[in-house]
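Starting off with a structure, shown below.
Think of it as A, B, C, D and E in the order they're written, each chain with its own count starting at 1.
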Amino acid sequence: MSGTQHNIVMSAKGLVKRYGQVTALDGADFELRAGEILAVIGDNGAGKSSLIKCLSGATVPDEGMISLDGNPIYFKSPIDARRAGIETVYQDLAVAPAMSIAENLFLGREIRRPGFAGNVLRMLDKKRMLQESIERMNDLKVGIRSMTQAVETLSGGQRQCVAVSRAAAFAQHVVIMDEPTAALGVKEGNMVLELIRRVRDKGLPVVLISHNMPHVFEIADRIHVARLGKRAAVLNPKNISMSDTVAVMTGAMKPEDIPAECLA
Amino acid sequence: MSGTQHNIVMSAKGLVKRYGQVTALDGADFELRAGEILAVIGDNGAGKSSLIKCLSGATVPDEGMISLDGNPIYFKSPIDARRAGIETVYQDLAVAPAMSIAENLFLGREIRRPGFAGNVLRMLDKKRMLQESIERMNDLKVGIRSMTQAVETLSGGQRQCVAVSRAAAFAQHVVIMDEPTAALGVKEGNMVLELIRRVRDKGLPVVLISHNMPHVFEIADRIHVARLGKRAAVLNPKNISMSDTVAVMTGAMKPEDIPAECLA
Amino acid sequence: MNSFKDKLPPMGTLGPLIALVLACVFFASQSDRFLSTQNFSLILAQVMVVGVIAIGQTLIILTAGIDLSCGMVMALGGIVMTKFAVDYGLSTPVAMACGLAVTTLFGYLNGVLVTRIKLPPFIVTLGTLNIAFAITQLYSGSQTVTDIPAGMNWLGNTFSLGGATVSYGVVMMLGLYLFTWFALRETPAGRHVYAVGNSPEATRLTGIPTEKVLLGVYVLAGLCYGLAAMLGVARTGAGDPNAGQTENLDAITAVVLGGTSLFGGRGVILGTLVGALIVGVFRNGLTLMGVSSVYQILVTGILVILAVATDQLSRKGAR
Amino acid sequence: MNSFKDKLPPMGTLGPLIALVLACVFFASQSDRFLSTQNFSLILAQVMVVGVIAIGQTLIILTAGIDLSCGMVMALGGIVMTKFAVDYGLSTPVAMACGLAVTTLFGYLNGVLVTRIKLPPFIVTLGTLNIAFAITQLYSGSQTVTDIPAGMNWLGNTFSLGGATVSYGVVMMLGLYLFTWFALRETPAGRHVYAVGNSPEATRLTGIPTEKVLLGVYVLAGLCYGLAAMLGVARTGAGDPNAGQTENLDAITAVVLGGTSLFGGRGVILGTLVGALIVGVFRNGLTLMGVSSVYQILVTGILVILAVATDQLSRKGAR
Amino acid sequence: AEPVIGLITKTETNPFFVKMKEGAQAEATKLGAKVMSAAGKTDGDNAGQVTAMENMIAAGAKTILITPSDSKAIVPAIKKAQAQGVMIIALDSPTEPANATDALFATDNYKAGVFIGQYAKAALNGKKPVIATLDLFPGHPVGAQRHNGFLQGYGLTSLDAKSNELAKPAEVVCMADSFGDRAKGQTGMENCLQKNPNINVVYTINEPAAAGAYNALKAAGKEKDVLIVSVDGGCAGIKDVGAGVIAATSQQYPLRMAAMGVAAGVEYAKTGKKVSGYTDTGVTLISAKAMKGVDSKDVKTGTDLCWGNK
């Protein structure tokens, strides 16, 4: 995975995002290679969510540019990103609370019935969507007791699983996940890591934001360290220890002091 | 902490809570001893949040009884629980999104100005509340850039810190925290554990729900394992390994197979 | 971050239906003329205009909006179709199409202001309410348009169905309800309407073009008001510049009585039909009882509260 | 789970103020009689009743509610205070207190239905709107009460202040605004009103007695309508059973024009005053321009939309 | 500068008031004056009329013509205006007390009711009346005056012209509010027929309501057996009289009132002389079929005069 020439799928240069007096992004760079799992870590408020919101079209950066497959792109809304095959799990989950699990999973990507009913009457294939939802949720081994529950009645972790499955199922190009395992139990968290690996093995690169260092070191090919709205460094988890990584993240170790073999 | 006689601060017997067809709690027991940190762990949907919502008055159980200091109590609303000195951090945080950090910290417990302005005009002491909020947030080392931001503009972790500080600051009797470190970074998470220890050292018992096993084993005096709406076991973290604990939690190890010295 | 209003259970049509049945039982016990197919077909004919306006209103309220302009836009549509036919001698279908075009255009205007400039629907439709009203009065010279071509009355014609006389307009209203019910329940577009009302931001992040959905809803609502205008014209046999003034509040009342939340995203369209019928049954029943008009208002006030309280309590029991 | 409406920045009074100033500049350029202290004191006197109703309405809308009954409750209050004074010969203060008690009681009734039975405020106040109207008509026999004691006109009396004639009623209105502004901003109770509207569930979980806060808001709103009734009686010198019918929508319009969100929890009370003034300035300015009345409605419709669009765009610019 | 005359009507939308505005405008153009018009938002909106009056005075009007929405409540505002030297003329209906305004050019709504009551009684020719009334809405004085006048004219127990309540003798079997609106007149009539199918006389507040009532009767196949009487005498209403929809209507003359008012205003501006007193602009009963003992004019006369064209 390292040393050789890499295809860059998505990259960003000098992203700036200000909210009133708060500068959330202060010239952040970003690079995602083909088929890799890139972990993004950083303190709370380091600008991780702001960064990926720019990449997914949820917000428009004030400055900087983003490229996809080497071509500059300007996402004006999440619709543009979705068209480009980018799927995102947002930290605040972005689900419609009053709607059921199946409806949320397929929101905006509904399956219609075959034949006349689907093509002309545009009828939903509710049975099939329910069936597929059950399979997806079983994949994650999350014990949801009734599949027709409204999402607002799910437990925190269950809700997170809905959002994660949705992104994994529909991505064509890039998957971005903002703390997908934060509310998950040990078992469910591992299932999500497994899911992420499967997505990667399909050839899609994954951006994974996480505060869970063991998870990050278990799964990431490279680690992007966000700090104070910038990219502090990109580390190679094979050559750096967890504690050094945390030191870089918190600013205890200066980026220029990192040994070269630890960088990626 | 073990073997000797214990003062039971709060306990519950046979709690049942049904939502339509879903049984969230299915005869759950609970016991919190004086001055301890009790971790509550379990799979997603195991009923942890439902349990503590009953204890904090946020929901009323269908069956079962709760006692505080040995006396049966019936919380009809969170107001009752608050009067009894119980403070809770809810998993979905329960903050007023449009209001500022200071306002959220002191919501329902506002500080009024001294003298006439406060007693008669009932004026808020906004300066002092802002000051105290800054101190509290600094305690948690969370890098909030502007203290007058509305809570809805905070990052996920920052928002969590607001909820945690609030509970820690005002508890008189019992502190309950539902996944308080889920969205927190390494540094901030450790600060919260530190805070929890400080609260315990003040003599208040703490109920800590968490999926983070290292955190649980670092801080908990006893571990309550929730499973399928019941209490599966109460473990002693000093005598049981992390992997066995996870086995109990996921049902791979039956409660009756747990060696006696592991129980607490 | 879940707010209380998000936690309310989705209201079905059952609660309002219970209230409707209770109201009918009450009036049947008070007047022996109430319980007749004849009288029920009358009530249906009376709620037909409000009922169709309320379809458009429901769509908008489902998206967490509100349309204050509905009645006035309908009045304008009625005036346009009748005047075009009478003054310019356009054929009935063409004149009606013009009326529909005008109301749809107003819906489009509302939609553009709401989605593009992001103005609150309340203000936008308060503005267009005044605009539509003024245009109606100016264009008609506040005169009722009479002597309309017979074709325009067709929807008011009746046929016999098992003792009841049913107008084609009523059939059209019921058809529109069934169609909307189907579309909201069974098609992607319908689910998107709910999603936009339930959580606009989440829906946007899913990649659904929320603005298009909203705009579509306002345009369809405008179309509904045009169809209601056709019904109103057919029912009264004239283009009435003062139509629609009470229908405004009546339509919103029907929607809310029918259990749709003003906060959006929760509700069932058939509930609106029940809500409209409740309004119609009250008015009819109280007149049959011979309650004089001030007391009618008093009783209506009390009954409206009771109807929704029944709904509320019945749902509490179910949980 | 943050919804879009939660993401809107809190509207200040600045946007509406810009709209108000623009409107004034426009009218001043159109009529040389507009820009005079005399004319401004007139406008103030004209918005005084709506302005005070709108204070109560703002409180309720801040809690994500709405009060459709405001104008009718005010009318009832006016009738009670004048009839009690004229028919039963009660002294002015006692009669006024009775009127205030009645409107406050209606507020309490609204509040109880909203908090205890958890009915939607829209329906509750639609019901009490009808009830208050009917009682007003029945009790007054639909007759205006005249020959009221001179004391009841006191609030309508004016004094001179730097060339402008200002009525005591206007002073009272401004005082009420300042008081409410202070209470909402600087006291715990005021912050709780915002919190309840912003996130009722979170507020409840914090241990704030949300039902008490809500009930208090409805009661205070009722009191405001009573005070508005006092002003209305003083301004017209009579108890008018048909008062309040237009004030209803005008008050809600003032609140929304003033930037308060109908979804609750966001808004500034002084914005409401600006909103009420915008309504008053439009009416006054258009008459001064000699715009005839139907065109006034047309122009009002356009201006209302423009006013809020200005607000919206000014805020976009600021970001 | 040309004299400015204000005209304040009850609402925008009633054709009656629209005519009044036309009359004022035409007369003003003839005499070289400027008319500004305003109205309450709804019928009964006294505060709106007060506001309009204040604004017109601020705009320089020296004469204000007003159709008071609330005959009593408007009086204090009128007094204030007069104190500023403004001449106030009531049109269409008087204030209470009537001498609060400088002059009154009006029609007598009670008398208009009496006329159609007398007509209906003659037309029924001794048959027992079964009456439905389609009134305006609660609390409106014109609605009460016409209603009570009608019953008075019919010789039934009624209330006097001052009352704002609706009399309900036994012969009135059904009362419904029409809001003066065609659709609601129709709904009201439908419900009344449901209540009592034997209704043979229908009193309506105005001609649109009458047209609505006729629709309902026609749908029930009863249009031949039921007598509809109304008030207003608008051009459309007279046409309906000719077509047999309405048996008789009491015609009033808003154009005339307004024209007289404007003329008086111009006079006042030129000479400073105020008009005073009550001028009855008249009520005429119009019917296609004259009844013995009741004075009425035919449809042609009614069409020529409709609302005071001449």
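General observations
Operating definition for what follows: a contact is a pair of C-beta atoms (placed from the backbone, for glycine too) under 8 Å apart; a residue touches a chain by one contact, two chains touch by 3 or more.
Predicted model, so just to flag it, every value in this text is computed and none were measured.
Put simply, the chain farthest from chain B by mean CA position is E.
The angle of the rotation superposing chain A on chain B, based on CA atoms and rounded to the nearest 5, is 180 degrees.
Set against the C-alpha centre of chain A, every other chain centre is closer than that of E. In terms of their C-alpha centroids, the spacing between chain A and chain B amounts to 29 Å.
If you average the CA atoms of chain C and of chain E, the two centres end up 32 Å from each other. Note on chain placement: the centre of chain B and the centre of chain D lie 44 Å apart, centres being C-alpha means. Averaged C-alpha coordinates give centres for chain A and chain E that are 72 Å from one another.
Residue positions of chain E touching 2 or more other chains: 12, 138-139.
Listed for chain C are residues 1-2, 6-7, 137, 199, 201-202, 204, 294, 297, each touching two or more other chains.
Shown for chain A are the residues in touch with two or more other chains, namely 20, 92-93, 95, 97. The part of chain D that touches chain B in the complex is made up of residues 1-2, 6-7, 10, 186-189, 191-192, 194-195, 198-199, 201-209, 265-266. Of all residues in chain A, only 58, 77-79, 81-83, 88, 90, 92-99, 103, 107-108, 110, 112, 121-124, 126, 150, 152 touch chain C in the complex they form.
Residue ranges on chain D touching chain E, taken from their complex, read 31, 33, 38-39, 42, 45-46, 49, 133-134, 137, 141-146, 153, 232, 235-243, 245-247, 283-284, 287-288, 290, 292-294, 296-297.
By the touch rule above, chain E contacts chain C in their complex via residues 12-15, 18, 135, 137-139, 166, 168, 173-177, 179-184, 186-188, 190-192, 194-195, 208, 211-212, 215, 219, 236, 239.
Here chain E touches chain D in the complex through residues 9, 12, 21, 34, 36-42, 44-48, 50-52, 54-56, 58-60, 69-77, 96, 138-141, 144, 163-165, going by the rule given at the top.
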